[in-house]
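Here chain A shows up in two complexes: once beside chain B, once beside chain C.
For the complex of A and B:
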């Protein structure tokens, strides 16, 4: 659960995530374009990266939660955070969102071809099944992550898919870890201690 | 609240990262259950147990054809982070000991340990010296026999003889009368069946009744169907049909 103190500012939060508030709050569903402009909305529609946010404005404290999952706060100082739209709980009003095409990456995990990017200065709250941990990536220590445990990433990272598919995988005797994301560069990757269900089990 | 952040050197070595994940400092080989790896640094490869070069290792340490399909060997050098469905994760050390654990809850173990199938369906026994990692839904509780444990809350046991089944008298009567079973009337408390532990040792329990899935139990049952003749199969079919009808009405 996330408590946000507001003093006249505006934040954006997942539609329907408010569980309680005190003070004066106004909730407004964002229009068709979700604050990303007509072009952004179109891109989102094409990408199938659905996301419905509402605007919360007022004085007081608002409590946000979604399905009893854990909340991780990410401070952005002009960096870009990449996260699945379904993992986004709330954003500072100043943060901009957009769609980022990732290509093949999302295929195996049933998350589609695109991911949501958040940029600007402020705090973003992301959801994870179990408390997320951040794992640093440096050029000397690249990191591999199970696609099902991936939550989001931050910084100058290059992402590629490592496959270890061989004839045994085809026979159904694979190692169960045949597909991984590998991150190289400088940045931080958030992982959760649980594996979400994918469409494709590899 | 800041998210704990680690890198390749600050990740704990063979210890918990937090209550829900465990970091293995891999230098050689570990057995791991499929799909429990969430991230790793370094050069690590994952091989199915059927991989040729692993023959000697598997022959020496893995004696469970029923579960071989669920296990892999991680080999190489680096830090390997394991987690399971957001469950609590703990590591235990065995020193010339033996411990039996629910198959779905065992995440990984060192090759110093030998894995065997327990007589109780759905459980695996580890024998030898080394470390293993296991998951539980909620913290683990250690209790001493004599004790009766709900089968779903049982995580495993160490050093004591295998348990036996215990049924309450009222359940027995129901089973004998059959009327209750067939009609489904009268219901049950869901607590008529326990595992009964006696002797010296330790029993491990989890504080919830959530278990992996029925898959393991099903596979066990399927494995035994081969021993049943045509008459037995027909009877099984009848029982299943009755149960399904009762479920639909309920």
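For the complex of A and C:
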């Protein structure tokens, strides 16, 4: 659960995620474009990266939560956070959101073709099943993660897919770890201790 | 008074002895040591009148009477368990959220209409809480089920609290509740913020809120 103290500021939060508040609060669903402009909204529509946020404004404390999942706070100082739209709980009003195409490798991992990017200065709250950990990536130590356990990443990272498909996988006797994401560069990758459902059992 | 002991956030250990009996949700026992027996209890310590009232109210989760000498462990569906101690005050809770309570506590059913008249009835119907709620009063302990753990929010006359009806678990103290709506044109056309109804709690007491919008 996340508590946000507001003194007249505006934050954006997942639609319907308020569980309680005190003080004076107003909830307003964001317009069709979600602050991303007409082009952004169109891109989001095409990408299927649906995201419904609401604007919360007021004086007091608002408590946000969704389906008993864990909340991790990410501080952004001008850098870019890439996260699945359904993993985003709340973000500062100053942060900008947009769609980032991942390409075909998102297919089959339950991630879809695109992911949401958040940039600017402020705090974003991301959701994970079980507490998320941030794993550091440096040029010397690339990191491989299970696509189903991937939550988001931050920093200058190149993403590519590592496959280890052999005749055993084809026969359905694989180890269940045939496809991994490999990250190289400088940054932080958030991983959750659960594997979400994908289209393919890989 | 039995001392409830949390094993982890989702399991509870309760010592049982003659004179220290408890009622628990039926089927919620996980393990026990010693000679403990479980008897289904239709009345849940309420007497015939109360039972009839509950049956009519639909506020009926079948409880069982746990007696004997030993310790029993309880848990249900991987939900978080929160222990609440009562010392003479009254706790208002939905029947299906109650995991275990001391046999020394008085159980009752309250008609929502008693708090807020017709509005109370509408509130119960809209928020999915039903028209009746269970009350526990006296001295003792009870354990509540929640999805994702609960948070206690204090309520004071200067500081009323608004709660999403689906995230509401229980409340205690001298609290008046009423349903407030923030319905606008946007909600009518299906573009609302998802927060159309809120439960406004005012007075002085405590409300328990869970970190999820899922009912049990």
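Points to keep in mind about this one:
Just so it is clear, the second predicted complex is superposed on the first by the 202 of 202 C-alpha atoms of A that agree within 3 Å, B and C clash if a C-alpha of one lies under 4 Å from a C-alpha of the other, contacts with A are read in each partner's own complex, and residues count from 1 in each chain.
Following the convention adopted for this analysis, contacts are C-beta pairs under 8 Å (C-beta built on N, C-alpha and C of every residue); 3 or more make two chains touch, one makes a residue touch a chain.
Everything quoted here is computed from the prediction, not taken from an experiment.
Residue contacts after overlaying the shared chain place A:132 against chain B, while chain C stays out of touching range. When the two structures are aligned on the shared chain, A:193 is found in touch with chain B, with no touch to chain C. Contacts of A:9 after superposition on the shared chain: neither chain B nor chain C is touched. The partner that reaches more residues of chain A, of the two candidates chain B and chain C, is B.
When both complexes are overlaid on chain A, the residue A:160 reaches neither chain B nor chain C. Using the contact criterion defined above for the overlaid structures, shared-chain residue A:86 touches neither chain B nor chain C, since it reaches no partner. After overlaying the two complexes on the shared chain, residue contacts for A:1 are found with chain C alone; chain B is out of touch.
By the touch criterion defined above, A:146 reaches chain B but does not reach chain C. In the three-chain superposition model, chain A touches chain B and chain C at no common residue.
Those residues of chain B that touch chain A in the complex are listed here as 1-8, 11, 17-18, 20-21, 34-42, 44-48, 50-51, 69, 72, 81, 83-86, 89.
Residues of chain A touching chain B in their complex: 72-74, 129-136, 138, 140-146, 148-149, 164, 168, 173-178, 188-195. Of all residues in chain A, those touching chain C in their complex are 1, 15-23, 25-29, 52, 54-55, 63, 65-69.
Every residue of chain C that touches chain A in the complex is listed here, in rising order: 80, 147-149, 151, 153, 159-164, 167, 182, 186, 191-195, 207, 209-214.
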